[in-house]
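The first chain written gets the first letter, and so on, giving A, B and C; residue counts start at 1 in each chain.
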């Protein structure tokens, strides 16, 4: 392959072009393979969205869209069904709020500790250990909530709590997303250049002043992204709420009672013997679409936020 | 070694200076010959060298300026460029004085002379020329140990200077030479003394080039060092 | 703190005077004795004895990796910020050993400010960048006035006076570096350490920083690490040459003298080879 001295000169031109053509072909081939892989995933996504929308449209042929967004009753499986998405949304909102209330402070403080205070050795094993938490199957969390957290709370401070309740599910969900928030925030905090910290130290700032007033603001966009990622996971979380929150579709703000989230409803219908094409069957697509739109909005908000507040450092 | 181009330019600069110096030295040789024989014809050969030396000196000066602008020399490089400029100045000035003397020889060709003074002049001229040559040798070889000897040689020229001046002021009664020649001779004595000084200065500049110290303090050190080594 | 401050009062000293023409103010000098710096088991710099004269600019030069940056970071205990890094020996600000057991590195760094190679403004407004350091150090005076005075001393005021609320990142690299200098001045240190402050800047910005430095020494003691020898020659009064004789040796202070001497006739051959570019 090597072009040696004899092959150079006018007679070498042909060589060059042939080799160039062969290489050109290989370049094109690899590009096509790569593009195909990229398009497969994009097309799959579009396919899913298309099916969702198609079935959702079917659903709204039979159910008023106004009723869907305003009714305060959800009784999809009953003889005279009512479809108030607010009921399921409230369940999702309640468990998510509880989860974030747990995960944000704990995750953020853990991230600050890991990045700013932990020794490199400690950080080296503590961060992977934290990330392992994220790998625990959520069904395990669900039974942990049902068989450990709920009895514990009932026996100690909240005897009035029902067996299936939003609080336990939310708390355990919070524990579940701590690693997400902590890990992503830690990455953001760690990515703040050392020069910025040193700049603060050089002015006589203490470690705490530097961490809270220089490093955290600089990492804000990353922290917000981490939080939104956590919220997305909480909103989309299924098994914990299906197992521990009770699947009772009621509009309530009381965390001690049972609730049904949108995901839990989908599981309930999908795992039952609902005939394909029936109205009840179609509801899961309507709920799925709502869920999809919610997560989409969260992702867009996070994207916009990250873009607007990104620090050049 | 990095900065090879720069180093080459510096080396070339030094070469040009030495070349100029050798030419001045050769003019001085002619001058000595002319003075010894009171030969206006020989002296005439050196009329006009001055402007040539000055031109060469200006060229070297310009090269130094360009080098400083482009290469921003420091430390030994800076000392070299600085020394080259100073040495060139000494060389050109010695050349100018040489031409003055030759002029004087040409113009007083047929005049009556004082033979004692004439002899002293010749001796002085030889001393000045050899001092100048040695100063140039020191610069070329950067052998600053030899710079010490220059001062001793200069002392000898200074002695001749006093002697010559004495003869100018107290002329020999029998053959005192023409007044015009006498005045010219006084000037030549002065010029020769200056040429010798330029030679010593070239050596002194070289000491600065090598050690970074001025001649006077360097000389003091060398004297002290010699005493030390004698005691060993 | 009060022992360190010497004849000057704290942060609000000479509050109210006009920044220009800057009246000369006595700063404190520094001195190191047998200073060695380590990264874990690796000794980066060994046995540096240096006297840093007050109200003078001291430049530190030398080949890459010879320990000059490490050394300058020891002067305000910034070196130990790096994990496992530590220093041995004595560093004095005035008469006070800043490595003494009862000395808090945070107070040391307020007295001995630092400007880094890469401009590192905070993700705050220009105004806040300057005010922040003074505020955390408990400055109680007129903040607007302090910000203006500091920016003027850093020769940045005219360029930013109409956009103080804008982010520090909106400035050019050279302006950012002067903002960092202003931020350092706002804390009113005795000594300003600069670690290659102009190496990332264009020639015009570099020139402005250099001009600023000439004025800074009227009120502060300045130490600057630079790879640019002409810069050292232009701006400094004293120059220290750091050098490593053999591979894996720690860096040493090879020669320290007046800048005029270092750049006209240094005493050691290695220094001369380095400043004339014949190194290696």
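Details
Following the convention adopted for this analysis, a residue touches a chain if its C-beta (ideal position, glycine included) is under 8 Å from a C-beta of that chain, and two chains touch if they have at least 3 such contacts.
Being a predicted model, the structure only gives us computed values, none of them experimental.
Chains that touch both chain B and chain C are absent from this assembly.
Taking the mean of each chain's C-alpha atoms, the chain whose centre lies closest to the overall C-alpha mean is C.
Between the Cα centres of chain B and chain C there is a gap of 51 Å. If you average the Cα atoms of chain A and of chain C, the two centres end up 47 Å apart. Distance from the chain A centre to the chain B centre is 91 Å, each centre being the mean of its Cα atoms. Contact residues on chain C toward chain B in their complex (touch as defined above): 229-230, 233, 262-266, 271-272, 275-280. Residue ranges of chain B in contact with chain C, taken from their complex: 1-3, 6-7, 72-79, 211-213. Listing the residues of chain A that touch chain C in their complex gives 119-120, 193, 195-206, 209, 213-214, 217-218, 311-313. Within the complex formed with chain A, the residues of chain C that make contact are 76, 78, 81, 83, 106-107, 109-111, 113-116, 118, 120-124, 132-133, 136-137, 169, 180, 183-184, 187.
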